[in-house]
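Following: one structure in structure tokens, then a few remarks.
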Amino acid sequence: MSDIQARLREIARRLLTEGHVRVFIGFGPGFEANRPVPFFAADPDAADRLLLDEFCAAGLARYVLEEVREGPVGLVARGCDGLGLERLLADHRVAREQLYVVGVSCRGVVDPDRACAAAGEEVRAARVNGETVTLITPTAERSFPRSACLLDKCLRCQDPTPRIADVLLGEAIPPGERDLAHVDAVERMPSDERYRFWARQFERCLRCLACRQVCPACNCVSCSLDRPEWLERGTGLAEQFMFHFTRAYHVAGRCVACGECERACPAGIPLGLLNDKFMKDLRDLFGVAAPHRPGDVEPLGKFCPDDPEGWHEGGEGT
Amino acid sequence: MSSDWQPRIVGFACRWCTYAGADLAGTSRLEYPATVRLVRVPCSGRVNPSFVLRAFQRGADGVLVAGCHPGDCHYTSGNLFTRRRFSLVKRFLEYLGLEPERLRVEWISAAEGQRFAQVIREMTDDLCRLGPNRKMREEP
Amino acid sequence: MPRIGVVVCWCGHNIAGTVDVTQVTAAAAAMPGVVYAEDYKYVCSEPGQDLIRRAIADKRLDAVVVAACSPSMHEATFRQAAAAAGLNPYRVEIANVREQCSWVHRDREEATVKAVALVQAMVAKARREEPLEALRLPVTRRALVIGGGIAGMQAAMDIADAGYQVLLVEREPNLGGRMAQLSETFPTLDCASCILTPRTAEVARHPRIELLTYSEVREVAGYVGDFRVRIARKPAYVDWDRCIGCMLCQEKCPRKVPSPFERDMGFKKAIGVNFPQAVPNRPVIDREHCTYFEKGKCQVCVRVCPVEAVDFEQRETVREEAVGAIVVATGFDVLAPAEFGEYGYGRYPDVIDSLAFERLNSSSGPTGGVIRRPSDGRVPREVVFIQCVGSRDPDRGRGYCSKICCMYTAKHAMLYRHKVPDGQAYVFYMDVRAGGKGYEEFVQRTVEQAGALYLRGRVARVYPEGDRMLVRGVDTLSGQTVEVAADLVVLATAAVPRGDARELAQLLKVGTDAHGFYNEAHPKLRPVETMTRGIFLAGAVQAPRDISETVAQASGAASKVLALFSQEELVADPLVAVVDETRCAGCFLCRPVCPYQAISTRVAGNREVATVNPGLCQGCGACAVACRSGAMALKGFTDEQILAEVEALCLRTGSPG
Amino acid sequence: MEYRYFPGCTLHEQARNFDITARESARELDIALVELDNWQCCGAVFPLATDALINLVSPYRALASAHAAGFDLVTLCSGCLNVLRRTNRLVATDREAREKLRDFVEMDYAGERRVYHLLEVLRREVTFETLRSRVKRRLTGLHVAPYYGCLLLRPPEEMEFDDVEAPTVMEDFLRALGAEPVDYPFRTECCGAYVALREAKTQAAAQVVRSAAAAGAELVVSSCPACNYNLERVHPTLPVVYFTQLLALALGRDGAFAGQVPDPTPLLRGKSLLPEVS
């Protein structure tokens, strides 16, 4: 990674020096070594503070929306960031020529809490290999399974490399087919149990709107969920259902599966399970091969004359 | 639940086909339960899925979304978008725990007064069996 | 809060027999915003309407809800009554308590509760209503007809005869279209040019028809009543105003090239007209084949022209025209049979298509009307006609029937027999479709009098043997494989849309089917209209059809144009979509769901937002649902209104007592 | 250029000359044809019933083995190509079939690999241009009737091999070798296929050869052991050879013509394409 980090700094410095971009978005040091934070390098010297390691968690695509108003933006993008940018481009929210995308392939981001729990002590560095993750602590260097170390969103990731990079650092990793089997588990619950499951999840919602703020698909200028006719201020169950239903429906066919909503949720609500349900049905009913990869027209903006009637297909085992 | 409890059905009906079909049921004096109340919309494509959820939350026990048969849309393609949208939405509401019988999507033409009455009878029977909807409202 | 009046109709016993109208009226009076509630025996009657008018005036009502029969019955009546009293007609709402309540329910209490709810919903809707003004669009009383074939000419004549200006655009240098290539016409066998030539002359000299030949439509903007069209005139390299049509240039031009008009069986000159009776009788230079354009010298035409009309420097010119209606009559093409390797078209000169056979028959054609086969000029003794080449063939992508081939093939077999009395025609067919006045009788004559041998089956292969063509096929009626040795094979190729039909459809914002034929607004009730108001279809641009149907449809399209032009101004429903630009994110998810292409881009401040053309919008509301931020609203059916209705309909207020 | 090579049953037996000349030619052209380990019969016929998945187990296994080895598959026999290619397509597009076959064979494969006919490798990878330059012995003056038969081309939407009614690949191939392709009407007609193997229905095959001879051909080439078998059985007036035999000949080898009836060698010697018998 360090070689790539050096090249990243070099590119960012050049872009800023030559005035190609006004700001370069990447990661910089956080309060703790294993918790880097998004960093906005606005001058060439700041480029040297950019870092890139296995702990860089936040999605960066959404920051572009604000930054691009002031001028061209450069950023480092993993596969998920790339899809987020594609979403913003497909929605005409940014123009391609305003972006300079430095692509990197990502094998997964280490969740510091999870990793510390696995290692039993502070984790200072990590290496993500194929099926295992090597955690480096002050005392040891040991390998653990991916599922014990990585962020949830990375465990299901099938898009390690961005498709729209202007320059790609390191090797491209071919995309895979997104596995949506986790949706099945919820589908298999009896109807009432499923309802209680979701009601319990939604009850915990603080309505902080973090899920909306980080989402590259939730990029409207004005959100209908801020309108009183659609959503009242209360956090009663009705409002919670309205909020979560509408949020998920509004990204149906547009969600890029970056997993940021779920990562950002302070209450730990499995929002990905909602997004992925739409994705699964889009795939199964309408043959949208990879619903999370933006295409020419979003799947709900088109139809086939012989589309199936999904309501007859029995969405569940009733 | 009292024994004479009757479900409440909110129906979204496109003005060209289903609403006219319901009118035909009237001119043909076909009797059906007084459980349904229609909202007249220009096209089933005008029905925002959140309207349906709102109906459930305000007390509907069942919701009907109905329009022209595919291929017969007054606006050519409106109901074809409806078909996609509500294929997803119905499955999604069921995923959230709603009983499948509570939401029905139907194609009912202006000539199908009989069918409109039949759909309302069937829905009323189904909903009587299920009882009032309490989901996605207050009580968990 | 707006002041709302509610009028409950008894409809005699029809409503009042099942619904307690007094209770409904009392309940309505208690609804928020309602300042007036009354019931009346027959609200649609003159005194009933008067009741509404007086209430509007006396109670200063902002909106009226009428609880009565279906809006399809009397919405218009009550809106007119309200308008007469000075109320905006779009502030009248109907609660349908007859068709959807009193006539379908028996229990009086249940029906009454429901009637109250229906009124409540309409009151809630009316409270959130804005006065709407019907859109009034001016009409430019001038029509554009695209295509100068028989369809376009018929439409142009009908419109012009009724007193309106017509702009007739034709891509070729001359009028006539496909029909100019035909020899005789079925089922009467009158000669095509005998019908066509007088008509072209008539069109050309009509004082209200402006003829723009050798021209193409490049851009179409605007909407019904006010289209702006850009039309390009291609350079003919001859100044037609100077030219006197003597055709000396054509006579003397040293360059002979195969003529597409003659299906490459005859020749034309690099300067000249397609056929002798061409109207206008003015030559063009075929730039691709002209020696001067190729090599920079020759100029024979310049030297022989008595009026110095040849102008090698001529450029394309573009003009913009305003028209109120457009008739599309761009016709059809025949499928290039090259994709049918089994028939050997293109490899064997004696395998030709039916249009080529028309030219062989034509007295002005390459053989002067004598049937001679292309390879050696011999008069064929046996001719095989193969029908459904490309049509009714879903495997090759065209499942449709081209409709005209059965008849013209019968005609060809008949004409062939007339010209070669000892010749034998064979026809391989799938079914003979001869629906039309005198058509079936014509086919029977072809079989019985002209002695054509009809073989029901497909041809598998055509290949040469000696100087003849062997046609191998199957006769499905006898179950035998058959082989016919023929001197000439004629393929009845599918009628297909013009190669650039889709591009023109996009300019016009008209839908096409899977093959590229233009879609009518309704297959039965609106067969000559398109989904774009003010644009009409005539002829084979919509689907394959024969001359008589084409002419009928062209007159139909013309009558629609005339109906449009007879109005002072066009009134359009104001129930259209509108964009709140401050909320629109410019994502344009609304655009693909609009069937009318009514949504376009507008720059507002420093960003692009969606904007709706009210002349094109038909108010379906699909865009309002596609819009996530709620920036797109459908007037008369806004989110607020529908949500309020839903809320009112869900209320469980118990008995309305 | 490395491929896994699927010979199919006949090529080690009846059609050994097809196999030998293909391997020789491939070596000359730097195409590595590595025979697939442990292959079985392709299944011979692609089943028309949609639920007859059991017939696809064998071709699935061949495809999955090639995939496991990391190479695309090459075959010579039109029949094998037909079955393998159509199976590959089904596996790639029909999820249910794919999962059933995967569970049964216990090998993971989802249609990632391509299946080529050697003619396609020559056309796509080697290119006829290059082939022309590699020819050591131009087959000048040899009038050859290319015989496609049906399986190579049909069904066109699945095989995507060439224009089904007017194919050109064999003609282009022959021209690259310096031979003169002869146009004749029955080149894409069926040879009688398996029906002819069992019954004496040889009419179709006889007509093919007659038609080729009438058009001036001196030799018929094919790419299918079943076609060759049927054509040879009707006591043709013309020799029938595999396209690889001419290829090998043009690349300077002997073409492995021994034992063929009718014997093509007198014709070839007559054209000085084979050395005189010593």
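Just so it is clear, A, B, C and D label the chains in written order, and each chain counts residues from 1 on its own.
Quick note on the criterion: contacts are C-beta pairs under 8 Å (C-beta built on N, C-alpha and C of every residue); 3 or more make two chains touch, one makes a residue touch a chain.
Since we're looking at a predicted model, the values are computed, not measured.
Asks: Per the definition at the top, count C-beta pairs in contact and tell me whether C-D or A-B has more.
Replies: When A-B is set beside C-D, the one with more contacts is A-B.
Asks: Take the average of all CA coordinates in chain B, do the same for chain D, and state the distance between these two points in whole angstrom.
Replies: So the centre of chain B lies 61 Å away from the centre of chain D.
Asks: In whole angstrom, what separates the CA-based centres of chain C and chain D?
Replies: Once rounded, the distance between the two centres reads 51 Å.
Asks: Could you give the separation in Å between the centres of chain A and chain B, each centre being the mean of its C-alpha atoms?
Replies: Chain A and chain B have C-alpha centres separated by 36 Å.
Asks: Give the residues of chain D touching no fewer than two other chains, as numbers and ranges.
Replies: Within chain D, no residue contacts more than one other chain.
Asks: Which chain A residues reach two or more other chains?
Replies: Correct list: 230, 300-301.
Asks: Where in chain B do residues touch two or more of the other chains?
Replies: Answer for chain B, listing residues that touch two or more other chains: 49, 54, 77, 81, 85.
Asks: Please categorise the chain-chain contact pattern as a line, ring, star, complete graph or other.
Replies: other
Asks: Throw together a list of every chain pair that touches.
Replies: By the stated definition, chains touch in these pairs: A-B, A-C, B-C, C-D.
Asks: Please output the residues of chain C touching chain B within their complex, sorted ascending.
Replies: Touch list, chain C to chain B: 70-72, 96, 98-101, 103-107, 110-111, 113-114, 117-118, 121, 511, 519, 531, 575, 593, 595, 618-622, 624-626, 634, 637, 639, 642-643, 645-647, 649-652.
Asks: Which part of chain D faces chain C closely enough to touch in the complex?
Replies: Result: residues 163-166, 184-185, 189, 214 of chain D touch chain C.
Asks: Okay, in this complex, where on chain C does chain A touch?
Replies: 582-589, 591-593, 608, 626, 628-631, 639-640, 643
Asks: Residue numbers of chain C touching chain D in their complex, please.
Replies: 340-342, 461, 463-465, 470
Asks: For chain A, which residues are in contact with chain C within the complex?
Replies: 91-93, 219-224, 227, 229-230, 250, 297-298, 300-302
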